[in-house]
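Per-chain residue numbering starts at 1, and chain names A, B, C, D, E, F, G and H are given in the order in which the chains are listed.
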Amino acid sequence: MDTSYLDLGFARVDVDREARQGVPEVVYGPGKTAGQIAGIVTALLHHNQGPVLVTRVGADVAEAVGREVPGGHYDAEARLLAWRPAPQRTFALGVVAAGTSDRPVAAEARAVATTIGLATTAWHDVGVAALDRVLAIKDELRRQDALIVVAGMEGALASVVGGLVACPVIAVPTSTGYGASLEGVTALLAMHASCAAGVTVVNIDSGFGAAMAAHRLDRSRRDRP
Amino acid sequence: MDTSYLDLGFARVDVDREARQGVPEVVYGPGKTAGQIAGIVTALLHHNQGPVLVTRVGADVAEAVGREVPGGHYDAEARLLAWRPAPQRTFALGVVAAGTSDRPVAAEARAVATTIGLATTAWHDVGVAALDRVLAIKDELRRQDALIVVAGMEGALASVVGGLVACPVIAVPTSTGYGASLEGVTALLAMHASCAAGVTVVNIDSGFGAAMAAHRLDRSRRDRP
Amino acid sequence: MDTSYLDLGFARVDVDREARQGVPEVVYGPGKTAGQIAGIVTALLHHNQGPVLVTRVGADVAEAVGREVPGGHYDAEARLLAWRPAPQRTFALGVVAAGTSDRPVAAEARAVATTIGLATTAWHDVGVAALDRVLAIKDELRRQDALIVVAGMEGALASVVGGLVACPVIAVPTSTGYGASLEGVTALLAMHASCAAGVTVVNIDSGFGAAMAAHRLDRSRRDRP
Amino acid sequence: MDTSYLDLGFARVDVDREARQGVPEVVYGPGKTAGQIAGIVTALLHHNQGPVLVTRVGADVAEAVGREVPGGHYDAEARLLAWRPAPQRTFALGVVAAGTSDRPVAAEARAVATTIGLATTAWHDVGVAALDRVLAIKDELRRQDALIVVAGMEGALASVVGGLVACPVIAVPTSTGYGASLEGVTALLAMHASCAAGVTVVNIDSGFGAAMAAHRLDRSRRDRP
Amino acid sequence: MDTSYLDLGFARVDVDREARQGVPEVVYGPGKTAGQIAGIVTALLHHNQGPVLVTRVGADVAEAVGREVPGGHYDAEARLLAWRPAPQRTFALGVVAAGTSDRPVAAEARAVATTIGLATTAWHDVGVAALDRVLAIKDELRRQDALIVVAGMEGALASVVGGLVACPVIAVPTSTGYGASLEGVTALLAMHASCAAGVTVVNIDSGFGAAMAAHRLDRSRRDRP
Amino acid sequence: MDTSYLDLGFARVDVDREARQGVPEVVYGPGKTAGQIAGIVTALLHHNQGPVLVTRVGADVAEAVGREVPGGHYDAEARLLAWRPAPQRTFALGVVAAGTSDRPVAAEARAVATTIGLATTAWHDVGVAALDRVLAIKDELRRQDALIVVAGMEGALASVVGGLVACPVIAVPTSTGYGASLEGVTALLAMHASCAAGVTVVNIDSGFGAAMAAHRLDRSRRDRP
Amino acid sequence: MDTSYLDLGFARVDVDREARQGVPEVVYGPGKTAGQIAGIVTALLHHNQGPVLVTRVGADVAEAVGREVPGGHYDAEARLLAWRPAPQRTFALGVVAAGTSDRPVAAEARAVATTIGLATTAWHDVGVAALDRVLAIKDELRRQDALIVVAGMEGALASVVGGLVACPVIAVPTSTGYGASLEGVTALLAMHASCAAGVTVVNIDSGFGAAMAAHRLDRSRRDRP
Amino acid sequence: MDTSYLDLGFARVDVDREARQGVPEVVYGPGKTAGQIAGIVTALLHHNQGPVLVTRVGADVAEAVGREVPGGHYDAEARLLAWRPAPQRTFALGVVAAGTSDRPVAAEARAVATTIGLATTAWHDVGVAALDRVLAIKDELRRQDALIVVAGMEGALASVVGGLVACPVIAVPTSTGYGASLEGVTALLAMHASCAAGVTVVNIDSGFGAAMAAHRLDRSRRDRP
């Protein structure tokens, strides 16, 4: 069998994922107690060599887990708890966020990507209502290996950036906005309907998903000489 | 009573609308026979002084109506049938369309506006996936009294144009696109969630509604010295 | 470059917007700390001449910001914090609200419009279930340069007012109501489907968006002799 | 047992419905062959005394059924095929339709109501964009025992009429309109969210349902001395 | 003018509604302060003869209003505050509720109806999953002048009752249930799609709307000799 | 490996499914040419012992396939093409349909079930608007091993039958109806929200899915002594 | 009459359900007071012989009810309160859950099933992102008489398990996940669209409904020799 | 200016896109005449060096265009018309499709990718209802640089493949299926809610979008040494 898992009773830890996909299984925090998280993290640290991450975890739980499993680092804006960050590789990942309200999602994308070894640069408050803010960083954007575009409301930034650069663009709709924003559904649909060819989309508010998509890009490049 | 109407049996014609709003009632073509349209048009021509318009009418019906009520002009792309166009006024209305598929809606907006006396200029195929197409006409856009922005898919052009100009921007979502475009609903929602302040929106594919909104702008300006 | 911005680290302030659109960038309050708001407001006051506004801000945050940046005025019903209001111009803007529950949205529209220099008049509790309340103010409505119509539930007031007046009508659906109101989505759709030609619509509960649309109308008029 | 039915093999005819509800079962035409319809109608004529109706039936099928079951009358606009109309009673039912496109639905309501014995009056093209068309018939509307209001688009006519009269108002949303009308769903939701208290609603395009609701009203009145 | 209103500054009271529709304007509680409610109630009591009602009001607010306007009665389950109940008339209104969770909505329907003078009878917990509970009261249901059917989840009770009785059936979908119930939207749609002809529907959770529809029925009967 | 498939180039036939689930893979007709269907059917007949079925196939295609693969039987109402029907087993499956428009879906359920060896009985036109039609067959329904309930519109029949019997009830929503029926989505949601415990649901119009669910029931019973 | 109920004033207890369906009526906790629950439970215990269950009840209410009606057992994870559990029968029911967040729903399914006498086995954290976790238990799954599959997010586990086993598969979508998960609606729709034939679905988060569906399976098997 | 375009009157051709993104602008066929397509293609061939593609074009239009612009190749299954295909590069792109109905979308993805120079391999009919079909190609899938997964219905294949491989996975939901599939919307939502981390999604039926996303991956790899 080329995959195996560890049964902790309350969870089946996929300890083979690191071998299969290059990064150990990432723990989704909501709905788990500090004790359960600590147990899973301990198992992952023991059976893998790479970074271990817990996403969407509040400060209180993070502190409780940290007491049981020392050596972790907590990023409050990203709500990410992590141990054993990977050494930085040469993959240049840009994170572009449309508004100040999109910062937490962008922060999660950046923190996850950095922890698993990607070199990230972030630009905030780059909305299309003032195009100069986009155009001013056009050359920098073009120097990235891939871009994560984080935007709520109508999500137009994904189309604009997608048209400016040649590299992979991963769009993250956010639940920013009110009324017709429909808690991110409008941005998700709009990004799919984008007139910029080849833009791909992940789930609403999923900075984590975007970072993992970037990881796949990097992994694919390294696997080929 | 400051309003009155004419009862044709199959329709109540609002012959007072010209006095009330500056343009005679406009006839919505679908679901009416050529005979009914001809009857309403005849009444409107008789009881009003200004232009008489029938929207969304196919070539066959237009020809049949034209035989009964001479003097009309039919615009096939706009699907507009019109009599007695108003003399052109000084209101400069720009019509900007995102893609070639948005042309029929833009054509309706332009034809209606021209018929009721606005001076229109149109730009087609100005999608945000190639920003230079927008930036190249930025100065021309800024010289307009108002802009109608026609876009389907994700509708991002409304946000981008809305951020570039100071004048009123009337956004028309179109049913262009497929899948996540949801026949124009995505563009409608996205235009409402737009990060560009003060952009207003009309119904999906309603070039007519946008032109009438522009008419209200012009009317308001003329009413005040 | 004809546009520029100021990078405060946590935000990129579009200090050129006043030159471009006639009003400095307006700060959207939710998700920002009092310190961040104060920083942005200070920058805007320094780099622009006109009014500086913060929308959707609660009393507590408003007070904290006020301690750091003196001279502001807080409107509790509108939840608007503002400095350096513009001198009143001759543009007559009417704000008509359907029910008492629609007051906060109407208040935001009026407060924003007044702060940027429009002369506003407001009518409240003008629902179509008692048409006399509408008909009684018909002549006053017709004396306005533009009207903002604020209504939740089925939003029928927009159609009724749109049919009575010739000036621009900006409809604001509100999240008033329950059940089939779908938190404003029903009113938004209904206003778009309105049988009154040329009515335009802004986002749900966006008194701010309606006021900015009115600003564009005023700006367009002033730009032309 | 106080109810019984007749099994024709392809259908179970509820021959007891006349005793239970005052009108024989009404046949829904779509999906049935002319032969099946003729069979059901023959059974209903035989086992009941009152009117027998087939709704939503095209001219071709109506003619074929008519050849097998003589004595019927076909109303092409209402698409109703009927035998043995009931004598007219004193219940005064008004049918008010907003636009010319709503005529077929209003015609179905009126034809069904007339066939089952109600005295109907109809007004067409009474949209709220020209309030005078509504106000002009206010007194006539107030003389009805009940009103059916047929409207598509935003359905505002139901609210306006509901506020003018004291009698029961049955609103019928229609699939008239395009874009944000969502094939009648917007009108249905808007009529439910109506600010006029006590308006009730039936299914989209269901002139039949509205007429049957009126029948229940009439039946309830007659049952009580 | 045959209608008039009273302007309290924060509200326009439709004091003519009693003359127009037989019951004074009913006050919708949410979003109003105790002081505002007291003001409106005082005006209504002064300018009308009939019952004055405030709906959806909590115990705290009810008590505060009661201190300012004595003589009212508060029904906690119905959340209704009322003054000057009308003498009972001979109209027999049945209220049938599907589950125990539907009680508050049924209570509102009954309390409003009773206050405006209808004679009501209520049956609770009459779900179709145990048909005997419905069949057991069939004869009683058939003795009513009209029925209000309150049901959440799939709303099937409206179809079943609609098929059993000949009188008007007013269906009230409730937000009872979870998941696929979609907070009442499923029941609302299902009640409209009902196979029982002539059932009408009001807004989700609107016991008030159903009672007012019953009032219109009663009013219509009394107006005709 | 305990599963295997056959690669025909244009399709991978799951020839092991009979061993795994007791019935060979069933061919979904739409989108396949007569030639492709004939190829798959030939392979299935060759590699399996049991019945081979093609669903949702029109008469023309069925005839063309039949010329290439003799021995099949075509059921026009069910649109099912089948070879080598299984011998009938003792599992008694009832199929109950609400209206005559639901017949084709019920026919598919019955034809598929019969072909794979279940003993089926069908009742048509058993709507809840005439409860006696349901109550009259109550005892027969209770004698079945499982029931398939086919209903469109509001789907109330599933709740009513679910409350009457103890055996498994498989509900099939159909796209019958118009307007608020939303092409079957309303019935699907309503069936899920059903107040009758333990009713399960399959996809809209999927008579096939319901029959296969019944096959799983029968299979489970036979597997255990 | 073959069914009867007990009227407690605030509820009509269906005391005949045990005779009709093999298990007494199950009490749905939300919206009922501890006193009401105790009253219903007492009546059910008195008029039936089998297990009495209250679902979705919190610890506080459970304790209060327990003080009034001794002998019950409370399962905190399942939020189930139960008296007089049935002796275990030979029906082997497997419960498979996709993620740790789906545990509460799986726990409800298992606790209800165990209480009514089914022999249950549960597997947790069996997501399809690590197929080995599914494949490792394939043989165990195939030994069950029926399977309940609990999954949120995209619900793919239902398709995968449905393809592996021949027995009945009851899928329970859960509200696990965020964004595009739409609180379980996506999983519900996806499970219906499943490519695995014969999978049936119950309401979102309804572990109870799935267990009752399994009860129907068991009941059907026992009824036949 | 680093971008420029060519104005053909009916279209603005983005002739700079090849320099900016590595592939000339791709022409979207629907809504354009053969003459317009020929004009745009001629301009693109003249101003660029790389491949020129027209998507979603029927056989008739393709033939007409081919007569005007020789040298093109038409792929009927993919509905793609192309000139001057790029030489094949070393990027290995796998295309995996769930069902035979998904073939046209997979064909578009493959044809576009091949034309722009990627080395593609395709697997069809790899549904998760027979996992062996997926597992049998696991090793081949792991040898690809990126994978496009095409699936309708519930779209579960994206989760399963996403969990098996480490490379980028681009999921394409298709409009295959009926009922709860909601014309691809269910698959789109389900793919976003996928439990496999780092899967990205493009628009419904957009084989073109997926191929362009793969192009971005390849481009990014080549740009970096």
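What we mean here is this: a residue touches a chain if its C-beta (ideal position, glycine included) is under 8 Å from a C-beta of that chain, and two chains touch if they have at least 3 such contacts.
Everything numeric in this text was worked out from a predicted model, so none of it was measured.
By residue number, the contact pairs of F-G overlap by more than half with those of exactly one pair in B-D, D-E or C-E, and this pair is D-E. Comparing mean CA positions across the assembly, the chain most remote from subunit H is E.
Of all residue numbers used where subunit B meets subunit D, under half belong to both copies. The two sides are thus made of different residues. If you average the CA atoms of subunit A and of subunit H, the two centres end up 25 Å from each other. Chain centres here are Cα averages; for subunit B and subunit G they lie 57 Å apart. In terms of their C-alpha centroids, the spacing between subunit A and subunit C amounts to 36 Å. Subunit A and subunit F have centres, each the mean of its CA atoms, that are 44 Å apart. For subunit H, residues touching at least two other chains, in rising order: 99, 129-131, 164, 179-180, 188, 192-193, 197, 203-204.
Chain pairs recorded as touching, per the definition above, are A-B, A-C, A-G, A-H, B-C, B-D, B-H, C-D, C-E, D-E, D-F, E-F, E-G, F-G, F-H, G-H. Contacts from subunit D toward subunit B in the complex involve residues 99-101, 103, 124-126, 129-133, 136, 176, 178-181.
Put simply, subunit G touches subunit H in their complex at residues 98-99, 127-131, 135, 152-156, 159-160, 162-164, 177, 179-182, 186-197.
Chain contact summary for the complex, subunit G toward subunit F: residues 20-22, 26, 90, 145-146, 164-170, 188, 192-193, 197-204, 208-209, 211-217, 219-221, 223-224. Residues of subunit D that touch subunit F in their complex: 1, 3-5, 10-12, 14, 16-17, 25, 28, 30-32, 36, 173, 175, 184-185, 188, 203-206.
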